[in-house]
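Each structure below appears as structure tokens.
Below, subunit A partners subunit B and then partners subunit C, in two separate complexes.
Here is the complex of A and B:
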């Protein structure tokens, strides 16, 4: 009656389970391939030896003590952002508004620094900065969560739009607080007194010399907290159930609305706190580029590490390493900033693309023999 | 030209080893309304999905207007003039009626002149007697209006054969009358119409012939003029099959659950349960029979605190005699009141379990609040998982293996095992053996019987009448959200239940009598 459709040359089949070794192999292959493609790109534009270029990449990221510390600093901020969005993502609440939540936290911190710096005791100043930055981020995260919980609005668009409001707010305060008339930038806040700057000079040894050691310690503490929170607490369990199936959550007597609100409050609060770390702990100023796209890069970090906080340390270090290293390539070989972005882009493309081969396998037709690509 | 609009010969369709259709013959003449009748899972929808190109048959021949055809996709069905109106409408909410009707038309024109289109649709509507505002947006429409849009859409595309899957399930009696009027006009125009329905009185009212399917097999076709309700029911349910399920007499039954005048609305705002009253006793299994979608889901969910409604659901602890109102409370509240209630829902992985978690994670669905402080208890769920795995012989590579990767029977063992571990006073189960093999089914029957002997009130929503008749003590029959009867499972006949399932508007006498019997039992106890 009918001729059976010819089996296609290659079929895509979902993998049920993948051994860890195979997973690592796929990742390694992706990174190796991306380095080859980057080498081709670099050779095409610079005609120099890719080996030398890669040396300068490593040099740029960890070549000197200062560069290494910068890489560590950027890693800790990216890691903090990734940790912040992870509970929301685990709940399948696509919080792509980390950028905005960081910025409002930063604005709040900057405001306290500007108005209270030098007027109140240091302890009160820091307590105020921490509290208002957390509150600002929390509110920024709660707004979309409230609408999602009550009217099932689309959180992806909502959190995205909240980013633009936060960016405009930052631009507004840049003008209100501008250092020199007409400059439109704030400049370094409390340059002379350094009031409200996180200072590490009181710490012993290497911690004291490195300006960002407190940032790093706090973020590592958040990492451990998040690992325990997601895996071993009742709240963490509720987040998993709500993320997997709202019906099951209702069946289990979980108040889905409460969980959405609570989780987004936490997510926003950590983002706001990250804003505090950025302003008080490293940049000492605020501008529309303070968050610097980390709110979006953090999504990559969170996903690639399958929501495991400890794996996030590695992934965020890798991404920052590549980013900082390629900036060095750009300057050393007289390429502009875009060149480093192209290189980071190529590498990300291969890493994200490798996810496909981790989740699916290609089955070729030949004689029923299943080959894996 | 053939007398038949459509002929099916020897159609078979297998899902795995299970035959959804086996050697089914069916034909519809032009200008005829054919009713397709069968219990749940008798293969009606599979057969119609084959006709509309959603499934491809494993064997058999299809003829349209005398020509053998190959329907490989819904597009093929559309080109052959076969239009299916599904139970769940497939319309674009923010489009108007007219926009939905012309959506996806392939007439090669790039510019749409809505005025011409409207005029054309109006011509069609006048011809068959439809009544519809073409400019109305779908989201403003009632269910009946949406259905009208679907039917016009099919006619506008030149459908010669229309398949309607339970079209009256969502309609009021007045709307049903109007639909039948339209169907008769279409029949007079020479269209072939297949209507899937469970309501025997509608079958008798509208169809010319009735074809009956049972468990995937074609049973026969009768002329409606010569058919009776009893005759059709017998063809539909078949001979009684002996299953040998152990059944003990209830020991010391006491009132455990009393439902009074329960009315619930479903998601479309239609009454899913209408003034339901009954009593469930401890130490007995109360079966609930009914065509799929007669309100079983809403009934169990209302008891479990997942469905709002009006009326009263009173739970009485058979030991202490304490009585609590369950309606209007959520599952957590019910649990906090100390009501020991277990619920095996129909959607095992979508409601009862979390597919991506292993057994311990799924045990925690009931127990994660245990233990002081904010941290989860780790050992008890693990121990319970090991215990269930050993006792119910769950086949799994390890307790941490995600339950969604287990076979259906093992998934159900995990779910039932967890619920029974709650040591409930009231156990609700929905389609507890659906899709399970014989051995696992008997494991489940035994578990339910054990619970009954422990004095638990078991409510068993089932679809297989043979099972209901052998497992349960009493059977409550739902029809269209109403209680159409409560019968003694030891003496009831299969046809009797079949009739109650399809009888629209129960005879009050039967209900009252059953209620009195229950009342007497309570007094005796």
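Here is the complex of A and C:
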């Protein structure tokens, strides 16, 4: 009765639900494919065996105790940033400003380290660093949230602009605090006294000389907290309702403005705290490159993980693993560092592309058989 | 804060003199085939400064007969904590000596040096090795001011020839009848100031009535900005342009405008074939060979190393086709005088500050620049550039030079 046009060879159909196993399979396929494309790229520029190149990738990320710790350290910082932005993103508040919130937290920490380091008891010093870094990040996050809640300004642009202010502030303090007139860099803060450095020396020597175990423990605690907060608390529920629909939230009697402000305060506070972890716990300095783009990479992590904090551990580890590993490729095969960025870019492209196959399926015409990719 | 800093620098000066006498405790000799050398570059081969260090490392590799896998090079390492990661990674890969090439790498190398006392760390352009109290931390630099002075002599001869021929117009002279020249600098600090002052003194040793305008770009390598800055100086009537940055931007501007040019780091004749006169440049090979050879021999490395033309660590590049007649002879003569010590580049009788001849730098007024350290020789005849520490120290803006801006 219906004379319909010929069905297209392939159509795209939205998936309602995808079993976890299938999801993992798609990711694995994407990563495998991306490694093949990377291998082609590597072979094209180096003419060396891609197998050797991948061995050097693994070697670069976890080849020595020190490299493993560096990978773990970078993973924990990226994870902390991803956790920080997640409540905001779940609320559909596009917080692009993690970079800036980390930096102001870092500046605040550095200021306390510089001015109080060695003058006050260690406990007071650390308490002060934690409090000011959290406050700084919180304020930096609250400003755009306040404008969004009251005048519905565009938070994407607002938080982005706040990044530039934070970067300029960092550049400003780099000169105010510079190690030598004209150098424009602060150098290592409290290099001699190590005051305000997160030290693992009091721990039993299980992890060897260099480790960032305290950073890791703190970030894991934040991970568990965030999981419970989002999943089992009233706040977490309100965040997801506001994220689904502000009108529904209002109808349900949720005070949307409060939720926006509260959530961004939390998001900014964790970012500020991440700044503290970076400055006190690993880099012992502050510069415009301290956040290092993590505020943006964290969005990828949070989004790919579908806001699940435990999946974020895997994704952030994977991204850091690839990043750290590919610098070794560059060094070992006499390539420019940009080559490692190309490799990371290819892999990210495939992973992000795989999202398409997770959300949609391809339906082929022939034989009415539904084949999914 | 300041008192502390002063004390530290005085201690540094004392340690440097003592350091050489004490002899830092020597390590065990290392067989050449077991040697591993690590290098941390701030850039890559696309940028003159890093390229000159890479050339130096290559020369060392040839001199000692090292294979490629004995030299581990890390490129594009910024001046932040990633330098620390790079340094300790090189140490863990078994390098016995690690070089860092950029000023901002220093703190991170010191941190690594304190954690790996058996590995030697050498840092170019830095100043903290002596104060770090670490036996395995070293600084090195070249006496580039010697080469800048000689490149100034080349420029001066050209100016003299042009003045004789009546080429400069009224616009090229200031109100007092001095010929104006320009200088494109990177940042307003000692390394650059010492450089343009020696260049200027070289010119003035030939042509007395010259004034120089200095404009900073605030960047080590920004082709477009260096070109614009040179253009601004040319528009202001500068008859010749010197420069201290890493690209050929200024040379390109000079060739286009028909203005004489003196470069830095690399010969720029391919960019400015008609108007480029020469470039002053460093040769890092002598240091790298010396330092790595010291590791092989198990001998201590100088805490502060700074050598000039006598050790082939500085020179000027090939002269351009349009240099004045007799330049080559005059250059040889100047080098000879520098080599035998009869010519001091910063001879205090050739320059003044605010009309006064400088007799001491160890005063409270100058504490911001010299931290109470005396840089004037005992007989008061010259400023002892790079003798107290390996990094440039000269920070006076002498009469005849005007800074048009300041950028840190």
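Here is the rule we use: the second predicted complex is superposed on the first by the 358 of 373 C-alpha atoms of A that agree within 3 Å, B and C clash if a C-alpha of one lies under 4 Å from a C-alpha of the other, contacts with A are read in each partner's own complex, and residues count from 1 in each chain.
In the analysis below, a residue touches a chain if its C-beta (ideal position, glycine included) is under 8 Å from a C-beta of that chain, and two chains touch if they have at least 3 such contacts.
This one's a predicted model, so the numbers in the text were calculated from it and none came from an experiment.
Look at subunit A after the overlay: subunit B and subunit C fit there side by side. When the two complexes are superposed, the chain touching more residues of subunit A, out of subunit B and subunit C, is C.
Applying the stated contact rule after C-alpha superposition, one finds that A:175 touches subunit C and leaves subunit B untouched.
Residue contacts after overlaying the shared chain place A:14 against neither subunit B nor subunit C. Residue contacts after overlaying the shared chain place A:331 against subunit C, while subunit B stays out of touching range. Legend: residue contacts after superposition of the two complexes on their common chain; A:306 is shown touching neither subunit B nor subunit C. Legend: residue contacts after superposition of the two complexes on their common chain; A:284 is shown touching subunit C, with no touch to subunit B. When the two complexes are overlaid on their common chain A, residue A:191 makes contact with subunit C while staying clear of subunit B. In the superposition on chain A, A:67 makes contact with subunit C only, while subunit B stays out of contact range. With both structures placed on the common chain, the touch criterion links A:234 to subunit B but leaves subunit C unconnected. Of all C-alpha pairs spanning subunit B and subunit C in the superposed arrangement, the closest lie 36 Å apart.
Counting contacts as defined above, no subunit A residue meets subunit B in one complex and subunit C in the other.
By the touch criterion given at the top, residues 64, 66-67, 70, 175, 178-185, 187-188, 191, 209-210, 282-285, 287, 289-290, 330-331, 334, 336-337 of subunit A touch subunit C in their complex. The touching residues of subunit A, counted against subunit B in their complex, run 1-2, 16, 232-238, 240-241, 244-245, 247-248, 250-255.
Subunit C makes touch with subunit A in their complex at residues 44, 72-76, 78-82, 84-85, 88-89, 92, 103-104, 106-108, 110-111, 115, 127, 187-190, 368, 408. Residues 61, 68, 70, 72, 304-306, 330-335, 343, 345, 347, 349-357, 361, 364-366, 368-369, 374-376, 378, 405 of subunit B are the ones that touch subunit A when the two sit in their complex.
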